[in-house]
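Handing you a structure now.
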């Protein structure tokens, strides 16, 4: 929130809307301001927004140095400018970390797929044995799905991670025709995309969050597979080799629970409801919603937390997935239909690997 | 969580399963134990449950006094026993507060309904004028709906706010046939209902949370009405008289936003997605879920926070709802269909008031 | 819809609001009226309600016999009266069938639980082996959960399956003070509960549909268990013995898919989203919603269809669940922790059976 | 479904996998085959898929001409190949119609925006008056949002509307290395994208449906605005001029309900729950889901029906939106804050129009 206010002031100073000295004071005051968060939150309840007490406090702090400059705090801006931009700024490093995690997981899984391209295992449909496949194809499909998700996420991020800077109703009222230039400056300073005010038409942002959802669903699907294969009666994969303390149970010392899978499956269970709320919030009233947008504020941290659980799972899998080729062979022999024990997948692996080529070099 | 562990130990001591001295030591140690919450959370990630490091720490603290007693910490219990019971214990005072808030709001609204039983206003359907009604009937319906919600919530609470105390798979394994008695003691000590282990069949609990949802939806519906009536072009009601700082805008000093409505509408926007996750979590695997139940842990605080927003709104409404009878009359005259300007609601008000009778004395 | 209109006319005739001859004509005309459903639906689009063309057609048919009586068609009623009552009337036999199905499934499962009270099997948590339990406890828990759901559904049905009969804004405008009596008559004739108009405060109805949801979730949880146990590597249960054509695959002649489980799991997957829409629809505007209530009309048939899939599954399970005690023993020996191979569940089975007592006689 | 089977047979004949005569017979038999749909549906319940009886019937019909050719029906294919491809084929013309509708609506709204670029109206936030804007900016934002949705939908469609053709587990087992070529032929014949088997990793398809959701949400947001402006106390817009029979009420002859808005708002109310189910369905098991994918089959028609309602609304708006500049001026004068009655939106309109340029020529 401070980054937004100081970038805004700098941009406005650059365009001559406020003095350079005010912009400098706003930035330096903000940099050393310490907030009593509990007091801020309590006060925020009265206006249904954190921004009202936040701006009041920043303005008061600036006024202690220069009463004139205080009027330039939050100049031409509104609540949602601060909060939407702050949300985008908070999301940005999460998405950068997600991108690195995804890339690492895809690379690791692609290598494991290659390693197991000739490891036969039972393909299963409707939770019953079907015909033989290779473990390589199964793992390559996971990697391929993640690679598609990563690409889609990147595309949506380039558009949806945008500055919000429109003033009361998104028309940059009061900036004397310099509004678009100011907004462009703010976007550049903050490393966000520049875009028309999106306070009430939020689909590029929603599309970005939807695509975070796709990552979480893929991780959940992979975790479902791994958890099923980790059942000791099946025993074909493990999320990691047994480690002291990992997956421990408070009741049964002998147990090793699939905890990474648990995180990914919990995240995937939560995501449909989180996105449903996001979508419901989008049917807003006029130039700024009553209730819908506010619901979103509670939502985005939950979406990011679900994403984090999914990435933790993928990190674990990338580092330590265990494949038991002997059990795969034994289960295939025991439960495969006669005449279908050899993977008949000519072309399938090549096609997947072609898609994964950037991750295999 | 400590309340569960010390109640469990006491109950087990009462039944001769562990020494009284162990139970006393567990209780006294727990009472003064201070946790490094960040460390606990970090460690919890490895087992996907807070209970593993929590019990380890409690056990270590007890062991510093008496190594033998340490073996009696968490005896016969499991992770979900602690967490489900702790959730129920945390929810209990919230529901008690909700009950008081609801009762107060219903009383206040019932009185306002009586006061306005002869105040004509426009009834509206599909957001268009219909025929005349009294403001009293409109408000009485709100109160009547809340009274029904309160009753349903009370019923569900009596059953759904239950102790969880079943050990590894809910069969009280290892308590030598004293399991049910121990559970009954624990329930009594904690003020919770006694019930068969509900770790994997959770419908009484889900029913309780669903009914919290009904309260939130009713509050949202009332807020929708009030927000529509607060539009200055309509001007028939306000959530409260103008007050310095309440509903302030960071951009427009003249504005007074319907902030209580915003809270209630945001809560009602969130609730369908929260309950959807709750319901999805219920399709669990075997004797304890992988992923589903864990998702619920993130959910219950969100559900309670939404309930809190709704109750705040109802408190505001109870204290300060403004009814503008003159504007009601003017809008009715301007937009009511000829011949339908007099409320024709014989019997309707009486029926609602009969239902509200307990709140009017 | 015809049942509502003719019951309404009869009740109004009984109270002297319209002539007996009109009521008789409305009933007899309706009984033989044939609708061109496609034309009705097409015409309904213009008013966003099926009731407008439906009433127009009924009125025209009555007018062909007696122009005066035509004015008594739909007298004092509105669109939502017809549709909500019709929904309740359609739901009624579905719930009666559900009740019979549930009773049958609970009886059958309770008997199977008794039969297997001494059949040891592996209890499983987080999809990993835990300690021993009896197959009887597992099955008794299913039955116990269903018995609770059945009871809750019955309670909600007694209140929530109510007549809707309130006229334009639910105040029985135009019935000269006879509105409540007329409504009571209509309710009695149709076999529905009598209740204040619930056009905009629908929580008893929502509570009923929520509780249908609980049945579907329990069936989904049972299906999840059965599907996991049907994996040939586990092999402890089957939804039914192999039968020609049941569970056939279009690609693999050897397969027998768990089709009853598929139905129940698909239903349980759908239910959270269906209820989320129901809940979102509840935040209505004024005396009748714009959009919310209309969404519900598409929803209720979907909810009933999901319930039907769940009941089909329970019927199958009741008729043909296969338990393989030998495989249970073998898996327990292979994967149970040493020292926990005997079910330690003293009291658990007795408690469940006590709850199931009405179903065991 | 027949289109898939005959395209598959043709492609296989082209690659020499089956005789040309078989392919020709399958196509000609399919073209004149008449199904007893009720019987098909009843039979489908036993296998939980329509494809089993469908293929049986097609095969029997082919066998009546040539027993040898019957073996080439559905050769190398599986249930989900037929159904996923059929879903994509059914969705294709809907999306083409959506594209035309969207283009028309955007063009019409862009023109209306230009027309009203100097029509002042009240901007509103949190359902309270804010500052002045032009009606042109409001309408241009609607058009701009729809243009973004249309573009996103087009992108997702190019990838997500793909053939499914993978056999039992998506590896084209049994096609002797010709599987990928056959799939490419089938895709080309059917006008669908060619893509690796997506039976268990469905994110391109989900992304496409998510983006249908974005259209529905934008239409819902616009309908929310229009419905609020249609309130007679506000009176600034109407979805269409009054027309005989449109928006008629069964109870109140004087009413004209905003029926197009009702359709769009009902659709937007349904969409979050529909997508939540879609997302929940995605966490599938192994090579083909048990329950999840099957739930999707009930879902896609609902999503398309919601889209249809939204497009109907947009068609109405494009054809007949009424703007009342005088009421806008009067409300602005009455409720705008002093000193903010002139739209201060330099640059905003230009930016929106630049985005809308392709629609204005």
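General remarks:
Chains here go by letter, A, B, C and D, matching the order in which they are written, and residues are numbered from 1 within each.
Here is the rule we go by: a contact is a pair of C-beta atoms (placed from the backbone, for glycine too) under 8 Å apart; a residue touches a chain by one contact, two chains touch by 3 or more.
Quick caveat, the model's predicted, so the values are computed rather than measured.
Taken together, chain B and chain C share the touching chains A, D. Considering the contact criterion stated above, the chains in touch with chain B and with chain D alike are A, C. Centre-to-centre separation between chain A and chain D, using Cα means, comes to 26 Å.
Here the spacing of chain A and chain C, counted between their Cα centres, is 38 Å. Chain contacts: chain C has residues 125-127, 130-131, 168, 220, 227-228, 249, 252, 257-258, 262, 265, 268-269, 272-273, 275-277, 280, 290, 340 touching two or more partner chains. Residue ranges of chain C in contact with chain A, taken from their complex: 125-131, 227-228, 230-234, 249, 252, 254-258, 262, 272-273, 276, 280, 331, 334-335, 337, 340.
Interface residues of chain C, counted against chain D in their complex, comprise 45-49, 51-52, 55, 74, 77-79, 82, 167-168, 220, 223, 227, 245-252, 257-259, 261-270, 272-277, 280-281, 290-292, 294-295, 298-299, 302, 305, 312.
Within the complex formed with chain D, the residues of chain A that make contact are 123-127, 130-131, 133, 137-138, 141-142, 144-145, 148-149, 152, 168-174, 176-177, 179-180, 196-197, 200-201, 203-204, 206-207, 210-211, 213-214, 217-218, 220-221, 224-225, 228, 265, 268-269, 271-273, 275-280, 282-290, 340, 343-348, 351-352, 355.
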